[in-house]
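Below is one structure. I have some questions about it.
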Amino acid sequence: MPPISGCMRDAPWPEDDGMSWLDTVVQGVLLGGLYALFAAGLSLVFGIMRLVNLAHGDLIVLAAYLILVLVTALGLNPFVAALVAMPIMFAAGWALQRLVLNRTLGDDILPPLLVTFGLSIVIQNALLEGFSADSRRIYAGGIETASLAIGPVNVGVMPLLTLASAVLAIVALNQLFYRTSLGRAFRATSDDPVTAGLMGIRPNRIFAQATGVAMVVVTIAALYLGTRANFDPATGPSRLIYAFEAVIIGGLGSLWGTLAGGIIIGVAQTVGAAVNPEWQILAGHVAFLAVLLARPRGLFPRAVD
Amino acid sequence: MSVDALSSFRVTTGTRASGAFALVAAALIVIAFAAPLFVSRSVIQNLFFILTMLALAQNWNLLAGYAGLVSVGQQAFVGIGAYAMFGAVILGGMDPVAAIAVGGVAAVLLAIPTAFFVFRLYGAYFAIGTWVIAEVARLVVAQWKSLGGGTGTSLPRDATRSIWGQEAVAALFGVRGPHAADIVSYWLALVLVIATIGFIYRLLRSRQGLGLAAVRDNQDAARSVGVDALRLKTLVYLAAAFGTGLVGALIYVQKARISPDAAFSVVDWTAYVIFIVVIGGIGTIEGPIVGIIVLFLLQNALSDYGSWYLLLLGLIGIAVMLFAPRGLWGFFTDRTGIELFPVRRNLIVAPGATPDKGGPHG
Amino acid sequence: MTLLQTRDLKAFYGDFQALFGIDLALAAGETVAIIGANGAGKTTLLRSVSGIIANAPEAVTLEGRPIGALAAPEVVALGIAMVPEGRKLFASLSVEENLLIGRYGRDVAGPWTLDSVYGLFPVLKERRNVPATALSGGQQQMVAIGRALMSNPRVLLCDEISLGLAPVVIRDIYAAFPRIRESGAAIVIVEQDIGQALRVAERVYCMMEGRVTLSGRPGELSREAIHAAYFGVHA
Amino acid sequence: MPILELDQVSKSFGAVPAAEAVSFAVEPGEALGIIGPNGAGKSTLFNLITGNIGVDSGRVLFGGEDVTRAPPMRRCLAGIGRTFQIPQPFQRLTVFENVLTAAMFGNRSSQAEVSGDCARILVDTGLVAHANVPAGKLTLLQRKRLELARALATGPKVLLLDEIAGGLTEAECGALVDLVRAINARGTAIVWIEHVLHALTSVVNRLVVLDFGRVIATGEPAAIMASRQVREIYLGIEV
């Protein structure tokens, strides 16, 4: 699983003066936006049905390939292609939950883990058959290299868009969760599925809609993954791990916590890379383990398990 | 129902089927040791693959099937065991076979601190936590320049030409060095599998084994009758790490070439292992044995279809987990009641007799 | 005209039989109480009617239509709302959100809206944005009743609403029942507190160990008869 | 010196108090009954004594030693045996293995040392005919007996019984009463939560009445059952 070196490519920074540390942290925060997008879907699904989908990273890569196909086959702009891909991914997530994952829910933790692990292997190898192992990239044209000067720091447009999209996605999810009837149903089902049934809620359908919504967030994450770095069928697992680390650091079931967790991982990685390029991914993991040691329930625990 | 004596009772575990199997197993072991006499070198190498994967599968099954600890990071111990062996040979000048033990010890040393981390997580989060530990181990080892860093390295020629017992076997069987080395590795794999299954079977029939099964069924009830669930699970986590480390070291003695991405590969040392256990039958000793045979047959049938093989394996794994969670062996044993490694303690009370006085309740 | 009826209703928990053929009838707008000691099968009866426990289709009928095999979401849509034992409010929802979710499966016009429920239980209005589980036991019970009313049910099933509450709080809650009855809903009250049940109900069924042991109008039943039916012969 | 003592034990879940300053003591070999309406916090009290739930404040003393912070398994080893109100057997293990687990871990001894006792307990609790049946296949009443057998197997000094007589026929109830009396006669203290009053009062020599998580009365069974206050609160009948 090669580290996503490409991702650092569009964040050149001068070597030694004080400016470089500020720049490293800013790039880290922007990278954290990408990891928060990876994590938001995971956090949403876990919050509602205590299910962790080990194929989450591979679903992001699958969505990236879907966008790639829409861009190359229909000549669409990547952002438009992502909009087109969203309903498709929603339907795919909905069907996956209704037909497969709902059967695994229950007290025993083995079925959901082993089924989603199997799903991860199936997706990776299906993509391998379909698209071979070559690295791919979604070209977004001029915007990729465009950058803005914000104060003393030089910031790429795409990383900025990524962070903005992450914040928007989390605001939207929070509005959905706390302002809509469907959001109430999500939370009620998460608290007590049996009593939710007494209110007229059908838990299996709620879980399917939740996974569908998670797949829409996955599509946004895939857009930025695909445009900012190379990807191939095997890059899914490392994305799952970053998403997982962001969710754990942020605290289970807390979407804003997930954003904070993503940013902490992002900054840890850019700082690590600044010290030694080979330590980028390692630094992220070390930050995760440090938080896990100090606050086992994450920094902003909301869901009381 | 007055409290009175039970003069004649006994506790048995064996069954007719397991008795017969014990004889068959003994014969099979003798044949297996003698195999190099009458099979080709490529068969020996296939048997080595089957035995090493079976040993990994038994260790993973001990963790997930009996202790309910679903790890997706056992590749960490395969990798650490292999690299410790490489370190002992290249830096310490040890004989590769002796260095296998160093691999096992290194795996346990890694498992102690990591247990502290991963036991703070539960269920799916424990699984991914073990995966992070494996990633950290892979990245740290990739910094170990004297063992080839990220690109990896090979065992020195003089080490691979004279591993322990190689000349004796070469002379005995009249074969060249590398063939003899394969035979020694094969025998080691055979010993390792027998030891692993023996250890697991004895553990299951012990007090700890009964405690583990109780915790698996109902942790609260188990704790209220005096079972220390965390201590038992940690014990199993360390034992599985040791076993996995030994196998990792042995695999790379035979491969003689190592790199971080290969030694810590989640597909080779965790994905295949999970499918072997799940398809064969999780939570049974016979399951992984059935599973490795199925995997080997599939591998031969689909070897030239590339990723279709893993794709199919994934689909079969999902189908089995959804529709026959106790796997092929579980399906068979549920219908026939035959168990090759029976664990159940049966109380046989002579009819009419009642227990004798004595004991704390007498 | 019988609104809700059970015919030879049986229920099992695995191999343990909880109900041995219950025949019960509820007319439109009527209030019926079911009393019985702990373990008599009262809650099992309500869980069967509300669809949490599946049964034979004709074991439960609403206006003659078999609903015994329907699941809870379908039953509430037909207008049978349940106030579950132990209240079971949703911890991550506020008081108002708990009320609103009451009508998720059946959003029909009727006497009960947020305002009319706050009218019934004024204390809830000031505390409407507080997490429901931060309220006292009595207030939580009011929210649970309000939540069921929000679906404008034709039948309101109340399971042990006096459980663990002080007598003065129980009186406050039961004081609201006349207004609930005026709104036209038929009410089934399952209660361990016999005195409270007899005051509010027009008809009473007494259950013991899964069977109906007595039924009739409160006025016509003697204390000894109730005592015997409640405790069984050896009382 | 009492074998078990609760000193001002309190516990609340959110706004709802489950136990408020509960204090009582159990002498070695005594048989104490606990009664109270549903939702009075009786089962929670047992979980506080066994350590399955932590106390908010107050102390739990066992044989004079403070076990308030001790985990459930240490309290079991100290001598607290308990049954669960809703039976929690080890489903896939056989009846004999359920009892064997409790005996081996509760007494820190080997299978050989305790097999005899386990066989005897199975005879006493009428389960010996089902010794090799997986616990998941037992009827509810047999599972209740298994709870008792398992608790006994840990060799307890205090045995906590949680509504174990519910749903029994007259004959079964009589047999259970005899068994509990025999266990108590051998020196094991009994603390018994029960709704079947005639079974409870024929064994225990003292009653504690719980309501709203508070001890509202303690004393001789006859006196307690006669008191107006207890009958009104507990039975809910204007007497």
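Which chain is which? They are A, B, C and D, in the order written, and residues in each are numbered from 1.
Keep this in mind: contacts are C-beta pairs under 8 Å (C-beta built on N, C-alpha and C of every residue); 3 or more make two chains touch, one makes a residue touch a chain.
Keep in mind that this is a model prediction, so the values were computed, not measured.
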{"item": "Path length in the contact graph (chain A to chain D, fewest steps)", "value": "2"}
{"item": "Mutual neighbours - chains that touch chain B and chain C alike", "value": "A, D"}
{"item": "Of all other chains, the one whose Cα centre sits farthest from chain B", "value": "C"}
{"item": "Of C-D and A-C, whichever chain pair has more C-beta contact pairs", "value": "A-C"}
{"item": "Distance between the centres, which are taken as Cα means, of chain D and chain C, whole angstrom", "value": "32"}
{"item": "Mean-CA-position distance for chain D and chain B (Å)", "value": "42"}
{"item": "Approximate Å spacing (C-alpha centroids) for the pair chain A, chain B", "value": "34"}
{"item": "Topology of the chain contact graph, where touching chains are joined (line, ring, star, complete, other)", "value": "ring"}
{"item": "Complete list of chain pairs which touch one another", "value": "A-B, A-C, B-D, C-D"}
{"item": "Chain A - residues contacting chain C, complex", "value": "181, 184-185, 187-188, 190-192, 194-202"}
{"item": "Chain B partner contacts - residues on chain D that touch it in the complex", "value": "50, 52, 71-73, 76-77, 82, 84, 88-94, 96-98, 100-102, 104-108, 110-111, 115-126, 128, 131-132, 150-155, 175, 178-179, 182, 186"}
{"item": "Chain A residues within the chain B interface of the complex", "value": "1, 46, 50-52, 54, 100, 103-104, 109-115, 117-122, 124-126, 128-129, 237-238, 240-241, 244-245, 248, 278-279, 281-282, 285-286, 288-289, 292-293, 296, 305"}
{"item": "Touching residues on chain D, where the partner in the complex is chain C", "value": "14-16, 37-40, 139-140, 166-167, 195, 198, 212, 236-238"}
{"item": "Chain B to chain D touching residues, read off their complex", "value": "1-6, 9, 11, 207, 210-211, 213-214, 216-218, 220-228, 344-347, 349, 354-356, 358-362"}
